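One chain, subunit A, appears in both complexes that follow, with subunit B as partner in the first and subunit C in the second.
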Partner chain A sequence: MSFIENISRRFVFAVLIVIVVIPLLFPFPLPVPVGQHARNYYNVIKSLEPRSVVLYGLEVSTRDAENYPQEVATLRQLKEQKAVVIFYNFFQTSSMGTIWGYEDAGYLELKYGTDYVHLGFVPGEEATLASFVLDMVGVKPVDHFQNPTTTMPIFQYVHTINDVDLVIGSGGGMPGPNSWAKLVIIPYNKLGLLAVTAGQSTTMYDYLRMGVYKGALLGQRGCVEYETLIGQAGRATQLFAPLYLAHIVLIGLMVATNVAFWYRLSKKGGKQ
Partner chain B sequence: MEFTAAYASMALSTLLTVAIFSFLFRENRVFRLAEHIMIGTFTGHTLLMAIKNIRETGIDKVLSGNTILIIPLLLGILLFTRYSRKYLWIARYPLAVIIGVTAGVTARSEFQGQIWRQLQATVSSPLNNLNAIVIFVALLATISYFTFTIKHTGVVGGWTRFGKNLVLFSFGATAAMEVLTRIGEVTSRVEWLITKTPDVTVIATLVFIAWVVYELYIKNKKS
Partner chain C sequence: MMSVVLRKYIPLVIVGVLGFFTIFSFPLDIKVFTDTSTQLGSWVMLLASFALGIGVINLFIVHGHPIMKKDKEKWPYSAALLLSLIIVFLIGIVDSVTGPSYKFLYDVIIGAGLLTLTALRGFFMFSAFTRAYKARNLEGGVMLLATLFVMMYQVPIFDSFLPQMSEFTKWMLDVPFVGVTRGFAMIAGIAMTIMAFKMLSGMDKSWMGREE
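Moving on, here comes the complex of A and B:
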């Protein structure tokens, strides 16, 4: 059994790459039952009135398999609901990801400044967010494209957080959904939704349990569930089979190496 | 495929991705080059964005008559005194303002969001299902582990060890979920490689395989 413990890491990487490539070349569907968090997320957006204002705190810097498909799928449903969306980024690298997402969700058909606005990167992290929700135009006088926000139709009736109907905290780091919950949703008692990476999800369960966030997309799996609900299989669904297979292989390797370890230990009478 | 600026950019991205992946075999010069390009690009972008933000939120507003904003701009400039041994002490003032403002803004929300609301949710939820019971017991055990005013021996020791194991269990769950995220990153990158610029990917991969074969067999044989 010692060979299992001595498997080269290069071999593991090679196996993982092959496992990821095969389902990408020969895709196959996987049945994914819809969970309660994703269903709540869908229902909250579904219950929005037309022209509801959504403040979307979005942190996505690459076309990854989690935050990016979450963004595209959410925007598709928000577009169907005719919601007005204001994008806000904590990280400078998120501005480009935001644009890719709303382009893919078909937002270029809508009217910029009336149906959506991309404020872009807002420096200053949490302290600025606390000021922003009290005076949006004052803190962000120009949008991502250097257009003055004061003259935009959206900001003629949206001035503070009180004019916002829904807050979405999305991203995989700090500051991010945690800051939206602490500084905006809890103090101003706003309706909140959450979209995070799998890695971030374990730290967010408390907010779901407390009812701060009413629904959530937790990792790629959460997004696959949500794509099923909106009836548009997107990037998360497309990339789910490789994730699933790679995960099974990793679990298999972990179990095998642990069995080998305990077997060796039992042979030596419990001494390492 | 037509050679356009967009294609060249995607091809460069593919080459850099393969260069970064080559680290999985061994650290090498191509990997280091890609790493330095990434760090350099990010630093340049960060610097540019910082200058842009100071101009937008500070200088432009001061020039348009909002003279009070001279104070934060001056405080910002004072931060640079930390590069001088003689005037290092001056940098403490802007730093104190930054820390004070951040603490003031977030203190209430930290307490409300991280402590009060969580306690409320735990204490007020009825213990009528397994999930609620697990959360309640885990809360008590974990708090016990971080209570150092009593000795962790005997029954208390067993209880606090249980609390410690729960903390480790939670770290394990977080690490496992992080692995899922990282596999997702790899998947999306591999998908990029095989769909966006398959021709460049094939060439780069063949070069990579040739290098691996050279390192593993030919070079070893020579030495």
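Moving on, here comes the complex of A and C:
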């Protein structure tokens, strides 16, 4: 019992390495039932008319297994729906993550400035966002590539948030989806979707319950569900087995260490 | 007298007037308020860009100090940081932030480094949850149970043989959790309103960094 209670860090790390590496070397499919949040997310995008304007607040800095596949899968469905996408980043590093995402989703085949535009990093966080939605070109006169936005075809008919059909708040930090909800979706009564990490998802249930965000991809599991719906097994599905096994082992270890702890307490008559 | 006006009253008037326009642009759909507020938002972007520049200068001051003093423990890290900063800055200037060299630098070093840190954090969290997360009292026990339920909710296998657990977790996240979150959000909102009122009215001058 004392071995379990005082389990060594080396042992824990070794266990984690094994459960992460084995499914990567020998991949196996895992059936994941589709939840309501992912289904709503899919249905909202599916209901978009061709040439609908989507304002995508995207905060993805790494090719991880949560936000990045959410971004790629969402962009694939938006591309199928022929939506026009405007990318907006709160963080400097997200501007590169945005490029990775739309490259992987096949956006390079589309016409830049007409079908999509990457505005890039916009300093000033929430204060700038509040102004941006009232005067997009005025606040962001150049895009990520330093092209003037005033002459772009998209911005000939998209001037303010009133010209946008859907807002997607994505990412795992602050400012992020919380800011999109507070400053854009609620005040202007816009249709909103959410894509966040599992860690941040717990802070978003209030918005989901209120119906601010009509659908959501919550963590890697949400993305696996969504990839099932769009029929494209992407990075989230491929990398789900290590996460799945790690959760099961972690739950088992947490229960075991606590049982060992309580057993020792009972032996000592409750004294820690 | 003049210096007091410059240091105390002028900043207060600027903050009061600008804050007034920004706050009232939300509930009042009056053109002068919304236009002024939008314009101020553009200024915020300029100021934030300027602040980034000040941040760089500050970084040189803070990390230049151990290098100048040849502080054995700190100078190699400070030198590595400043050198990286200079390299990224120069590549950004020569090749632009959208050029192939900058993209290569981001993809291979910065992006990979961020991902490595995230992965490492996973190992430490796994270890911490296993070794330190103990139900030492009733509150700890409730927290441990809630954590276990939320984790089990992430793994579909538990849906199959413990569907009640899944339903319970869903209820837990949708009802008590949302209630608590809402309560905190309301308290934070009220506190921020009071703070904003005190700052705009000049009752709180701590943001100026001194008391006159």
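As a working rule, the second predicted complex is superposed on the first by the 272 of 272 C-alpha atoms of A that agree within 3 Å, B and C clash if a C-alpha of one lies under 4 Å from a C-alpha of the other, contacts with A are read in each partner's own complex, and residues count from 1 in each chain.
Heads up, the rule we're going with is that a contact is a pair of C-beta atoms (placed from the backbone, for glycine too) under 8 Å apart; a residue touches a chain by one contact, two chains touch by 3 or more.
Keep in mind the model is a prediction, meaning the values are calculated, not measured.
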{"item": "First (subunit B), second (subunit C), both or neither touched by A:V21", "value": "first"}
{"item": "Which of subunit B and subunit C A:I186 touches, first, second, both or neither", "value": "first"}
{"item": "First, second, both or neither for A:G171, with subunit B first and subunit C second", "value": "neither"}
{"item": "Partner chain in contact with A:T62 - subunit B first, subunit C second, else both or neither", "value": "both"}
{"item": "Which of subunit B and subunit C A:T203 touches, first, second, both or neither", "value": "both"}
{"item": "Which superposed partner A:V212 touches (first subunit B, second subunit C, both, neither)", "value": "first"}
{"item": "Touching partner for A:T257 - first (subunit B), second (subunit C), both, neither", "value": "second"}
{"item": "Contacts of A:L239 with subunit B and subunit C, given as first, second, both or neither", "value": "first"}
{"item": "Contacts of A:G101 with subunit B and subunit C, given as first, second, both or neither", "value": "neither"}
{"item": "Set of subunit A residues, in rising order, touched by both subunit B and subunit C", "value": "13, 16, 62-64, 93, 123, 127, 130, 187, 198, 202-203, 206, 209, 219, 243, 246-247, 250"}
{"item": "Touch list for subunit A against partner subunit C, complex", "value": "6-7, 9, 12-13, 16, 30-33, 61-64, 93, 95-97, 99-100, 122-125, 127-128, 130-132, 134-135, 138-139, 144-146, 187, 198, 202-203, 205-206, 209, 219, 221, 243-244, 246-248, 250-251, 253-255, 257-258, 261-262, 272"}
{"item": "Subunit A-touching residues of subunit C, taken from the complex the two chains share", "value": "26, 34, 37-42, 44-45, 47-49, 51-52, 96-98, 103, 106-107, 110-111, 114-115, 118, 122-123, 126-127, 129-131, 133-136, 144, 147-148, 150-152, 154-157, 159, 173-174, 177-178, 181-182, 185"}
{"item": "Subunit B residues within the subunit A interface of the complex", "value": "24-25, 42, 45-46, 49-50, 53, 56-57, 61, 101-102, 105-106, 108-110, 112-114, 117-118, 120-121, 135, 170, 173-174, 177-188, 190-192, 194"}
{"item": "Complex interface listing, subunit A residues touching subunit B", "value": "10, 13, 16-17, 20-21, 24-25, 62-66, 68, 92-93, 121, 123, 126-127, 130, 141-142, 172, 178, 181-183, 186-187, 197-203, 206-207, 209-212, 219-220, 235, 238-239, 242-243, 246-247, 250"}
